[in-house]
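Look at the two complexes coming up: chain A is in both, with chain B in one and chain C in the other.
Right, the complex of A and B next:
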């Protein structure tokens, strides 16, 4: 910071020296009217710009706006060279006499964040510099001092010939191009002002209005000159333009002070009202008013599950660092994230304001976070209840389909076969016997299908004998070798046993289908009032928890018992599915 | 020779049993179809006098198949069948243009013949 202070101090000294040199040049000029007035006015304007620029530079070293503002002041002093009596200095002075205006346009286009928003605007700025240098060129190339109504002016060192036609054509052409450019910049500047959040507008207004006003006056002056209008109008616009130009840096300082005062008022008001313990629904409105950003959103951080939600408990997404329009200020309490403010990116220009408001809102956001957590939980429960109902319906449909296509069809065929066999019993006993043997096989298959179906609904061995034999049976039927390492010695509540059983059954199905494992192990232990079910395999890992509905259904089933389901499946290092259910 | 009949059902075991039952009761089973689309094709090709049509087919619903068959001027008599109870289908059997319904487990030549007699 001290490096910056030293650098800015040096720039300030340079500004003083350059200003005094410009003052001397104007005072000693042979071709300037009202020298003392012009010299003092010029010094006042140049130093105002450099001074205000240094303040802006000091406040926001990262923002190039301050640099540009300072540069306008220096470029303004540069134009004083046009008052020099030496021909070559005079020529350089006239050639660069409008550059300060191009820097001003550059600054306005980059206001308030110091960045030029688009390639088109960049081209506008470049065109501004080009036209600023080209504009005075016709007067240097094709006009004598007499033609320019300045008999005492030195002859330009670039003078080619006195040619009224060429001078007028080039002069009118460059003036018209300048008018179009200036008009476009006014339009862009006002549009940016219109789109800025209210708090920014307060700070921007003085610069924008004086800047845009100045540009309009300039456009008027250029047009008057281009059409060779009355001298009185030209003089009046020149004077008005100079006045507005001197006003811009003070507009900037005024804007900063005003926004400081208003912001301080807004923060005080905010602190006062937040002290009353506002209704949570008012919190956003209070923050929005204090920061002057109607688009402000408050989001809350939940630890379990780890995610951002809005006040209604719906999942929220934070804008990224590269988002051009939105930015995030995180709110912490005792080093812990409790929430975040999502606001217009331009508020990043006032980090102290946003920071102090965010800090003051910490406690309220913490309180509101608990509400949001509750709402998120309700939301999650509602969704999981809907999923459970849907899963139940789908399961019933599947059972009906399986019964219809399986056992029922076999029994129908069996009934028909027996009827035919019965009718043939007397005249074709051998045929009838073969038919009855076929019917026997059909019946065995039908019974097997019914058993499989019943086991899928609820395994009888689980209700009758508990988890140990039920898991052993599951392990025994699995094509991948499964070791049952631990099961509880006592019976658990039926709902917990059923959930544990189906977690294992689904996990083993996945092991067989996807894991490519050579073995798996199951354990169910009682830890801290929870039944902890773990199924691990040595397969390929990389399981996606969002794949298929099986895991989602299991998570709902476990969550309905207030339990949690976790999947750890690093690529190439096996998969562990772990459910923890309160007992 | 009894009436010619086409059996339409997606379960092969039922088609086989139905063929035995109907043939032993004097019907001439001229073909079998496993879904609605092939049922419509076989109907045009074989021109059976009777179609025994399962309600639940994998592609087109049995009642829709029935409507399409009976929409032709000269069409076979369609008898719907299912392992479900006929009451499950409400008025669909009569509105589809079918001549009647036989539960699968009760299928016999005699039952079919009864429905065919005016």
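Right, the complex of A and C next:
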């Protein structure tokens, strides 16, 4: 900061020196009318620009706008060289006499954020500089001082010949190009002004109107000159142009002050209203009014699950740092993120304003955040409830299908076999006996299928004897070796036992199907009022928690008991599924 | 003895298909072909032109009502082939859908019925010969959901039995046998029922079934 201050101090001193040099040149000139008036006015205008530019530079060091504004002042002093009596200085002065206009156009195009929005605008700015230098060239190449109505002016060092035709063609051509460029810049500037958020417009208005006005006058002056219009008009536009040019830096300072005052008013009003503990829907409107940004959105940070949501609890996405239109100001309380304001990027020009409003809104946003958290939780519950119902329906359909395709078919076939055997009993006793033996086998298979199916619905041993034998049975049936390391010594509530059992069952199914593991271990422990179920394997890892409906269903089942399900599965380092269910 | 009735069987369960084939052959039918899905069935019906196809309702690929749709198609394309649809459950909607347009050469039976060989083979034979067969459970459902003030209330319990057997698709002779009465007595009951229910008497059995079902469905 002190580095910047020192640098700006040096620039200010240079400004003073350059200004005084320009003053001296003009005062000593042989070919300037009303020297004292011109010299003083020039000094006043140049210093105004440099001063206002330094203020802008100091306020927003990252914004090129301040630099450009200061540069306009210096370029303006540069044009004073045209007052010099020495021919070569005079030539340079005339050649560069319009450069300050090009810098001014550059500044206006980059207003207010210091950036040139597009390649086309960049080309316009470059063309401005070129035209600014080309414009005075014909008067240096093809005109004698007499032709220019300046008898005391020195002869240009670039003078070739006195050629009225070439001079006029050249001059009219550059003037017309300049008029087109200026017209385009006015159009772009006004369009940008129209699209800015309201609060920005308040600050921008003075610079935009005086700047655009100046450009219109300039265009008028150029046209008058090109068509060789009446001298009275040309004098009037010159005077008006100079007046508007002097006005721009003051317009800038005025705009800054005015928006300060208005914003201070808006912030005061905001503080007053926020004190009443506004309704959630009002909070956004209050913030939007205070910041003058109708597009403002308020989002809230949830701790569990960690995500941004809007006031209704729906997930929200923050714009990135590279978003050209939107920006984020985070709101913290006691060092914790509670929310964020998503606003027009142009508000970044005023971090103090957004910061102070955001800080003042902290408490309300925190309250609102708790509401949003609640709504997000309700939303999540609603979704999981719907999934549980759907899973129930799917499960019934699966059971029906299994019964239909399995045991039921076998039993029907069995009754057919028995009926045929019965009819053969007398005429072919051996055949009948073989059929009955086959029927007996079918019956055994049907019974087995029914038993498996019943276990899938709810293992009887789990209700009768608890988790330990039920898990042992699961482990025993698994093709991958499974160690049961820990089970609770006393019985848990039936719903918790069932959830724990199915977490293990699903995890073991996945171990067999996907993990490529050589072994797995199960533990169920009671910790801090929770039953913690853990199934770990030494397989390939990299399990995708969104894969299949199995894990999703488990997560729903566990969260229905207010528990949480976690999957850790780094690539190549095994998988751990852990459920924690309050008991 | 006339030529045996030729049957094509369609069921996705090999176990059941084989069982059915063995049973039907045991009781004098000729099983011309077996099919595992509806497409296979239509192809085999086309090439074998059987007297009747015995078709499971649920078959691949969707395991919903493929058999039913195949049945409609067989009836439309091969009028000489009857269709007896077997279903694991009583689905009244399926049964009525099947028998709504025509009851000729069409039947709908609960799969469990196959073990009751006499009535199953009777049903297969009936459908093969242009008659109809409707599972007693479906008939019971149809009769059971009639309202109190219904004209059905005015018929006697015996007439109700006869009505049910008519709805199942049985002939007067079969009804007489089932109820252990004379055919003459059955005829009297039938006439009485038709007049009480205000139905036009029909000569052919399957037309009679259609009339009775139409009446029962109109509830």
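Here, the second predicted complex is superposed on the first by the 548 of 583 C-alpha atoms of A that agree within 3 Å, B and C clash if a C-alpha of one lies under 4 Å from a C-alpha of the other, contacts with A are read in each partner's own complex, and residues count from 1 in each chain.
We adopt the following convention: contacts are C-beta pairs under 8 Å (C-beta built on N, C-alpha and C of every residue); 3 or more make two chains touch, one makes a residue touch a chain.
Bear in mind that the values here come from a model prediction, so they are computed numbers and not experimental data.
Asker: One more residue to check, A:424. First (chain B), second (chain C), both or neither?
Answerer: Both chain B and chain C are touched by A:424.
Asker: Of the two partner chains, chain B (first) and chain C (second), which one does A:198 touch, if any: first, second, both, or neither?
Answerer: neither
Asker: Thinking of the overlay built on chain A, is A:404 touched by chain B (first), by chain C (second), by both, or by neither?
Answerer: The answer is both, since A:404 touches chain B and chain C.
Asker: Please indicate which partner A:144 is in contact with in the superposed arrangement: first for chain B, second for chain C, both, or neither.
Answerer: Touch partners of A:144: none, neither chain B nor chain C.
Asker: With both complexes overlaid on chain A, does A:416 touch chain B (first), chain C (second), both or neither?
Answerer: both
Asker: Where on chain A do the contacts with chain B and the contacts with chain C coincide?
Answerer: In chain A, residues 404-405, 408-410, 412-413, 415-417, 419-420, 423-424, 442 are touched by chain B and also by chain C.
Asker: Going by the contact rule at the top, pick out the chain A residues touching chain C in the complex.
Answerer: Touch residues, chain A against chain C: 401, 404-405, 408-410, 412-413, 415-420, 423-424, 442.
Asker: List the residues on chain B that touch chain A in their complex, please.
Answerer: Listed in rising order, the residues of chain B that touch chain A are 11, 13-14, 16-18, 20-21, 24, 56, 83-84, 104-105, 107-108.
Asker: Across the complex, what residues on chain A touch chain B?
Answerer: Residue list for chain A touching chain B: 404-405, 408-413, 415-417, 419-420, 423-424, 442.
Asker: Please give the residue numbers of chain C that touch chain A in the complex, ascending.
Answerer: Its residues touching chain A are 13, 15-16, 18-20, 22-23, 26-27, 58, 63, 88, 111-112, 114-115, 117.
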